[in-house]
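Below are structures written as C-alpha cells.
One chain, subunit A, links the two complexes that follow: it is found with subunit B in the first and with subunit C in the second.
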Partner chain A sequence: MSLVPEIDYGTPASLSEKMVTLTIDGREITVPEGTSIMRASMEAGIQVPKLCATDMVDAFGSCRLCLVEIEGRNGTPASCTTPVAAGLKVHTQTSRLKDIRKGVMELYISDHPLDCLTCAANGDCELQDMAGAVGLRDVRYGYEGDNHVKARDNGETNTRWMPKDESNPYFTYDPSKCIVCSRCVRACEEVQGTFALTIEGRGFDSRVSPGMHENFLSSECVSCGACVQACPTATLTEKSVIEIGQPEHSVVTTCAYCGVGCSFKAEMRGEELVRMVPWKDGKANRGHSCVKGRFAYGYSTHRQRILNPMIREKVSDPWREVTWEEAYAHVASEFRRIQYQYGRDAVGGITSSRCTNEETYLVQKLVRAGFGNNNVDTCARVCHSPTGYGLGQTFGTSAGTQDFDSVEHSDVVVIIGANPTDGHPVFGSRLKKRLRQGAKLIVIDPRRTDIVRSPHIEAAYHLPLKPGTNVAVMTALAHVIVTEGLFDEAFIRERCDWSEFEDWAAFVADENHSPEAVEKYTGVKPEDLRSAARLFAAGGNGAIYYGLGVTEHSQGSTTVIAIANLAMATGNIGRPGVGVNPLRGQNNVQGSCDMGSFPHELPGYRHVSDDATRDTFEKMWGVKLSDEPGLRIPNMLDAAVDGTFKGLYVQGEDILQSDPDTKHVAAGLAAMECVVVQDLFLNETANYAHVFLPGSTFLEKDGTFTNAERRINRVRKVMTPRNGYGDWEVTQKLAQAMGLDWNYSHPSEIMDEIAATTPSFALVSYDYLDKMGSVQWPCNEKTPLGSPIMHIDGFVRGKGKFIRTEYVATDEKTGPRFPLLLTTGRILSQYNVGAQTRRTENVVWHEEDRLEIHPHDAENRGIHDGDWIRLASRSGDTTLRALITDRVAPGVVYTTFHHPTTQANVITTDFSDWATNCPEYKVTAVQVSPSNGPSEWQMEYDEQARQSRRITAKLEAAE
Partner chain B sequence: MSHDEPHKTTDDKLVYMANQIATFFKSQPEAERPKGVADHINKFWEQRMRRAFFAMIDKGDPRFDPLVVQAAPLIKRPAKIAKA
Partner chain C sequence: MNLHMPVPDIEERTLAIVNALKGLEGPLLPILHEIQAEFDFVPEDCLPVIARELNLSRAEVHGVVTFYHDYRRHPAGRHVLKLCRAEACQSMGGDALAEKVKALLGIDFHETTGDGAVTLEPVYCLGLCSTAPSAMLDGEVHGRLDDDAIAELVSEARR
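The block that comes next holds the complex of A and B.
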C-alpha cells in the first residue's frame, strides 16, 4: 500500500470551453483558455518550482519562484499568474531562471530554521522540496542578523520572533517556520469563507495572524483545516502528525458525520490513523472539509467505547459481559419467546442513518424476513420523512433534485430552516463562495443565522418568521408570484398538469394568502416578502435549500409540498443551478431511507402492499413477506406503553436522546422486555437496554454511505474493528442465531443484492464505484453514469403535481403559562446527539447547550447572561444556562441538543407532522425563569443513568 | 415528576392523528378528500392502529372529524391478530 497520489496543479482549473494550444519546453499542450502557464506545464508533466501557488486557491504571484521565459516577451513572468495564449513558446528551465530561483530560495532559507531532521513536516515540506529542486547548496547569510526564527540566545528579546500558538486542539501554528506565502490566508477566504486570517505588518515584518492578533482558538477560526492543508511548510501542522510522524499509506473513505458526505484520505501508519485529509477528487467536497470530519475522529479510540457484548436481566441490574455467542443466543431466544407470547408483531428494529447502506439493508431484512413483520423505522423519521412524502407527492420521488456542484450556477438561493454553515459546513462554504461571486440570498428562518450576515455576504432578505408558520410564508410567496404573473407558464404547460396548476393558482391567489393577510401570524413584513418573491421568480436560476426547520413541524410535509410548488411555478427544476435541495442531517439519512428503513416501504421506496416488489424480495429471500405497513417509532413506543410491543433491536441510534418527549420514550422503552442496543458507547437508550452489542466505527468496516445529493460513496476499512466485528457481521450473526441462512462474506455481496432487487441501484457495485469514484442514484441502464440532476426531461411521476397548501396553526400554542416559543438546532462543532463529538477535543468549542434568549425577554425575567435558568413546557422542564442575544426575536428562544444532561427533549412535545409523524421539534411553547440548579427530572435521570451504566463481571480475555 | 397535562392515551393520539390528516385533505379539491384520508391511513397505519381506530369509529366516537368518518368505509379493516 502507498499514499494515494494527488497532483497539485498550482492554480485552479479553468472552466472555459475554448481551447488553446501552446508549447512548453518543446512539448505541445492544449488546455482551456484562462489556464495558467503553471497549470498547463503540470498537465504536460512539467513541474515548475513554486511556493505561493497551490490549486485550491487563486494565484497570488508573491514568491517569484515559478518564473518562466516566453519567447518574444521580455522578462521572466510568474507562471502562476500568467495565462496561456495560443502559440506561446515557454521555457521553464534556463540558466537565467536557475540563478533567480537559487537566489530566491537562498533568501527564504536564510530566515528559516534548519531543523529539518526533527521537523514534523520532514518529508512533506514544499520548502524542502524546492530547495532540492532548485539545487540550493549553500546559504551565505547567517542568523545573526534580522530573523524571526528564534529567540535570541544572548537574552535580548527578538521582537520579530513569536512563540508557537498551540491553542487549537488539533493543529499548531509555529510562526518561526512561516514563509508568508499567504496560502493559508487565501484558503481561509476562498475555500472556507471565514476570513479568519490576515497578514499583519509589511515586508520583512509581516506575519500571519488569526483575527486581530488573537490566538487561533479565540479567533473567528472554525478549525476547518483548509489553512493547514494549504501550508507548504510545518508552520501549520496537525498535532497528530507532530505526535505520530508522517503517514506511509492512505485510503480514500467517506466522513461519517453529516449528509455532505465529504471524501477523505485516511492517512495511516500501520493501523494507526495519522490524519484525515480531504480528498480533492471527492465530488461532494472538492478537497474541503470541516472540523468534524477533518479532526474529530478521536472517539473511535475513546476509553468509554464498549468492546464486549453485555446482557442483564433487568435494566436496574448492572451489566454482565458475555461472549458474542451468548449474546446472540440470548437475543434470538428472547425475541422468539416474545413473539410466541405476544404475537408476531410484538418486536421490531430501528436502523441507523450513521451506519452503512449495507448494514441498514440487513437490519430491515432481519425485521422483514426474520421477525416476519414490517416494524422497522429509522431516525430519519425524526428529520426528513416529510421530504419523502412531500417530494414524492409532487415530483414522484423523494430525491433531492441537484448535486452540490449545482450551486455554482445559482443566481438566487433561498435557505429555509437550515443553517448550512453549522449543519452542512462544507456545502456552506461552497454556497458562500457562490454568494461572494454575486448570487443573491434569501433566508427564511426565525433566527438570524450566521449566513444572514457574514464576511462579504449579506442576505438580500431575511424573513424572520414566527416558528411554525412556514406554510403561511411559502404560500404567501406563491401568492405574489401568481398574482403578479411571475410564474413560468411555458414550463408549467410543458412539465406539469395545467388544470392542477390552475386549481392551485386560484387557491394561492386568494386574498387570505397575501403577505399582508398572513403578517399577523407570521410576523414577516409584507414588503420584504413581496420583494423576496419577486427576486426569486425573476432573478435567474433559483435554488431552494432547506433543512430540519422545514420538516420538524406539524405541517412539515405541507411545507415541503409548498417548496416544490414554488420551484415548479417558477420553472426552477431540471437543470444545474436550480432545484429543491433537502439538506439531510446525518451522514447516511439518504441511504437509510433508500434502503427500506420505513415500515411501509421496501428498499427503493416501494410500498409493502405492492405485489411485484414483494415478489422480488420473496424470491430472493425465500420467505413470505407481510403486505401490511408496520409501526413507526412513535407508534412502537405507544404500543409498548399499551403492552403490545415488547422487543426492539436498535442499531446505532439513540432514540432516548434524539426523539421528542423523552419521558414518553423512556416509558415505552421501560415497558419492553428485550431492548437490544448496538452502539459504540453506552448511549442514553442503553440505559433501558437488556442487551448491548458493541458497534464499530466507519474506519473499521467496508460499506457505502449515500449523501444528501444521492451520491453513493465508498467507506473503506482502514483498521481492524476494536470490538471484533463490523456492524453488518453482528446483524448477520444475529440473523443466523434466529435461524436465517445468511452467508455474506463481504459487504460488497450485500450491495450486489441491493442492486439486484432495487432498480435505481441496478448498476451499482463495489467494482463500479471503485472505477467511477462515486455515483448518484438512479444508476441503471438508462443512466449508467448516475443522475446528478433529476427531472431533466420531465418529472419522475410524469407531470409535476401542484397541491394546495393551507396553513394550519399548530396546536402547540403559547399562552399565559408558556408565553415563549422554543426552537431547536445544532452547531458546527457538535454532531446530533453528540455521542461522538462529545468524546473528542471538539468540546472546546461547545462545552454545554445554552438557551438563546432576546435581551428584552431576559430583562423581563431578571435573567443575566450566563445565569442558570429553568426551561419548562407542557411536557417537562430542564435547566441550562442563558445566552442573551438578539439573534432570536423577542418571544422566541433557541437551544441546541447536543448534551444529554440538558435533556432538551424533555421539553419537546409529542406533536408531529400530520403525514409522517415527524416530531415537531421546532415549535414548543415554553416559559423561562431563573433557577439555581438542575431540575428534579435531571437529577433522577442522572441517577438512573449512573445506575444503569454499571458493569460487573468482566470477562477475562475478550476476543 | 409533575405532569402538567392529563396523560394522552394511544387512542387519544390516534384520534388526533386522524383529524390532523383530515385537516390537510379538507383544503384539497372536494372530490379527493375522503379518498385522500383513507389512502393515507391505509398506506401508513399499522394494523393495531387501524384496529383501535375502528373500535372507536364503530362506536361512533364523537371526537373524529366528519371527514374521517366519511373516509372510514374506504379504510382497510385489519386482519385477525397474527401469531408467530
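The block that comes next holds the complex of A and C.
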C-alpha cells in the first residue's frame, strides 16, 4: 500500500476546445488554448520548480521560481502566468534559470527556520523539495539580520516574529514558517469563497492574517481546510499530523456526513487515521471539503462509543454486556415470540441513511424476507420523502436531475428552503464560485441565510416568505411566468403533455394566485416576486436547488411538484446548468430510498404490489413476499401506542431525537417489547431499547453511498471495526439467527445482488466502480457510463406531467397563545442530531442550540441576547438561550436541533405532509417567554436518560 | 486625541462616508482616505463597517489598510515630518540627517513626541532626488536640507 498519487499541475485546467501545440524541452505537447506553460510542462511530464502555484487556485506569479526561457522572447517569464501559444519553444532548465532559481531559493531560506528534521511537514514540504530541486547548498545571508523566524537568541524582542496560533482545534498557524506565497489566501477566496484570510502589511512585515489580525477561531474562518491543503510548508498544519507524523498509505473513500458525498483520501499510518484530505478526482467535491468531512472524524474513536452488545429486560434496568451470539439469539427469539403472540405485522425495521447501500438493502431484505412483512421505513420519511413523491409524479424518477458540476453552467440559481453554506458547504462553495463569475441568485427562505449576502456574493432577490407558504409563492412565480408569456412553449409542446399544461396554466393564471393576491399570507413583496420570476424565466440556464425547507411541511409534496412545474414551464430540464436538485441531508438518503427502504417500495422504487418485481425478489430470495404496503414510522409508533406493534430493529438512526413530537415517539417506543438499536453510541432512542448492537463507522467497512446527484461512491475500509463487525455483518448474523440462509462474504456480493434485481443499478459492481471512480444511476445497458444529467431527450415517465398546486394553509396556525412561527435548521459545524459532531472538537463553534429571535419580538417580551427563554408550542415546551438577530423576520423564530438537551422536537407537532407523512418540522406556532432554567420535561428526560444509560460490568451480569 | 471615541459614533460617521462614496468604481481607497481625513487616522472599528457595506470580508479591508503606510492605525501628532530614506537621499547624507532629526526630537521613526507635536516617519522617495536630501512637513516638501535647514524645520514642527 502506498499514498494515492495526485499530480499538481500548478494551474487549473483550461476548458477551451481549441488545441495548441508547442515544444517544451524538446518535447512536443498539445494542450487546450489558455493552458499555462507550467501546466503544459507537467502534462508532458516535466516539472517546473514552483512554490506559489497549485492547481486548486489561479496562477499568481509571485514566487519567481517557475521562470522559463522562450526562444525569441526576451527575459524569463513565469511559466504559471504565461499561456501557451502555437509553435513556442520553451526551455525549463538553462544555466541562466538555474542561477535565478538558486538565488530566489536562497532568499526564501534566509528567512525560514532550518528545523527540517523536527518539522511536522518533514516529508511533505514543497519548500524542502524545491530547495533540493534547485540544488541549494548554502545560504549566504545568515540570521542576524531582519527575519521573522525566531524570537531572537539575545533576549531582544523580534517584533517581526509571531507566536503560533493554536486557536483552531484542528490545525495550527505558525507564521515563522510562512513564505508568503498567498496560496492559503487564494484558496480561501477562490475555492472556499469565505475571504477570511489576507496578507497584512508589506515587505518584511507581510504576514497571513485571519480577519483583522485575529486568531483563526475568532476570524471569519469556517475551518474548511482548503488553506491547510494549499500550504506548501508547515505554516498551516493539521494538529493530527503534528501529533502522529506523516501518513504512509492512503485510501480513497467517501465522507459520511451530508448528501454532497465528498471523496476523501483517508491518509493512514497503519490502522491509525492521520488525516482526511479531499480527493481532487472526487466528482462531487473536486478537491474541496468542509470542517465536518475534513476534520470531524474523531467520534469514531470517542470513548463513549459502545463496543460490546448489550441486553436488558426492561428499559429501567441497567444494560448488561453480552456476547454477540447471545444478542443475536435474544433478538431472534424475541421477534419470533412477538410475531407468534401479536401477529406477523407486529415487528418492523428502520434503515439508516448513514449506513451503506448494502447495509440498507440487507435491513429491508431482513424485514421483507425474514419478518415477512413490509414494515420497513427510513429517516428519509422525515426529510426527503416528498421529493420522491413529487419528482416521481412529475418526471418519473425520485431523484435530482443534475450532477454538481452542472452549477458551473447555471445563469440563474434559485435556492428554496436550503442553507447550502451551512448544510451542504462544499456545494455552497461551488455555487458561490459560480455566483462570483456572474450568475444570478434568487433565495426563497424565511431567514436571511449567509448565501443571501456574504463577501462578494449577493442574491438578486431574497423572498423572505412566512414559514408554510412555499406553495403560494411557487404558484405565484408560475402565475407571473404564465400570464406574462415567459414560458417555453416549444419545450412544453415537445416534452410535456400540452393539455395538462393548459389546465395547469389556466389554474396558475387565476387572479387569486397573483403575487399581489398572495402577499397577505406569504408576506413577500409582489414586485420582488414578479422580478424574480422574470429573472428565472428569461435569465438563461435556470437551476433550482432545494432542501428540507421545502419538504418538511404539510404541503411538502405539493411544493416539490410546484418546483417541477416551474422547471418544465421554463424549459429548464435536460441539459447542464438547469434542473431540479434536492440537496439531501444525509450521506446516503438517496441510497437508502433507492434500496427499497419504504414500506410500499422494493429496491428501485417499484411498488410492492407489482407482481413482476416481487417475482424477481421472490426467486432471488426464495420466499413469498407480502404485496401489502407496510407501516411508516409514524404508523409504527401509533400502532405501538395502540398495542399492535411490539418489536423494532433500528439501524443507525435516532428517531427519538430526530422525529417530531418527541413525547409521542417516546410513548411509542416505551410501549414496545423489543426495541433493538444498532448504533455507535447510546443515542436517545437507545434510552428505550432492550438490545443494543454496537455499530461501525464508515472507516471500518466496505460499501457504497449514493449522494444527492445519484452518484454511487465507494466507501472503503481503512481500519478494523472497533466493535468487531461491520454493520452489514451484524444484520447478516441476525438474519442467520432468524433462520435465513444468508452467506455474503463481502459487501460487493450484496451489490451484485442489487445489480441483478434492480434495473437502474444493472451495471454497477465494485470492479466497475473501481474502474470508473464513481457512477451516477441509472447505470445500465442504455447508459453504461451512468447519467450525470437526467431526462435529456425525454422524461423518464414519458411526457412531463404538470399538476395543479393549490395552496392549503397548514393547520398549524398562530394565535393569541402561540403567536410566533418556529422554523428549524442546521449549522455548519454540526450535523443532524449531532451524535457524531458533538463528539468532536466542532463543539467549539456551536456548543448549544440557540433560539434566533428578531429584536422587535425580543423587546416585546423583555428578552435580552443570551437570556434563557421558554419555548412552548401546543405539543410541549423546552428552554434554551436566545440569540437576537434580524436574520429572522418579526414573527418568526429559528433554532437548530443538534443538541439532545434542547429537545427542539418536543415542540414540533405531528402534522405532516399529506402525501408522504413527512413531518412539518419547519412550521410550529410557538410562544417565547423569559425563563430561568430547564423545563420540567427536560429535567425528567435527563434523569430518564441518565438512568437508562447505566451499564453493569460483565462479571456482575454473570452472577 | 480621539482614542476614546464611542463606537456608535465611529460607526455612524463611517457609514456616512461609505454611503457617500460607495458608488465609485473601486471605492475602498477613496473611502479610507476620507476616513483618515475625518478621524486623522483609520480607527479599527471602521473596518467591519466598511467591509459590511462594500460586501467585503474584514480580512480584505484589513489587508488593504495595512498595505499602505499612509493609512494610520493610530492618531499622529499635530505635525507629521517625513524624512526621505531612499537611495538618492541616503547618498546625499540622509543617514546623518535622520540621526540629527531623531536627536532634535528625541524620538525614533514611527514615534510621536511626548507633547503630541510631531510624528516622525520615514518615506521611501518623495520624488525629489535632484534636491536630496529631502523631507516633507505636513504635506509641504523641503529639499537640500542641511543642518540649519533641518533644525529650522524641526523647530517649526515643534511649535
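Worth pointing out:
Operating definition for what follows: the second predicted complex is superposed on the first by the 954 of 959 C-alpha atoms of A that agree within 3 Å, B and C clash if a C-alpha of one lies under 4 Å from a C-alpha of the other, contacts with A are read in each partner's own complex, and residues count from 1 in each chain.
Everything that follows uses one rule, which is that contacts are C-beta pairs under 8 Å (C-beta built on N, C-alpha and C of every residue); 3 or more make two chains touch, one makes a residue touch a chain.
Keep in mind it's a predicted model, so treat the numbers as computed, not measured.
Of the two partner chains placed by superposition, A:248 touches none, neither subunit B nor subunit C. Once the two complexes are laid over each other on the shared chain, residue contacts for A:494 go to neither subunit B nor subunit C.
In the overlay built on the shared chain, the residue A:607 is in contact with subunit B alone; subunit C does not reach it.
By the touch criterion defined above, A:453 reaches subunit C but does not reach subunit B. By the document's definition of touching, neither partner reaches A:71: not subunit B, not subunit C. Measured by the number of subunit A residues touched, the leading partner among subunit B and subunit C is B. Shared-chain residue A:767: touches no atom of subunit B or subunit C. Only residues 44, 47-48, 51, 55-63, 66-67, 69 of subunit C touch subunit A when the two sit together in their complex. Chain contact summary for the complex, subunit B toward subunit A: residues 1, 4-5, 8, 10, 13, 17, 20-21, 23-24, 26-29, 40, 43-49, 78-79, 81-84. The part of subunit A that touches subunit B in the complex is made up of residues 336, 339-340, 343-345, 372-375, 503, 507, 554, 557-558, 599-600, 607, 609, 628-632, 635, 638-639, 641-642, 644, 663, 803-806, 808, 874-876, 910, 912, 914-917, 936-937, 940.
Note for the complex: subunit A touches subunit C at residues 194-202, 209-213, 219-220, 453-458.
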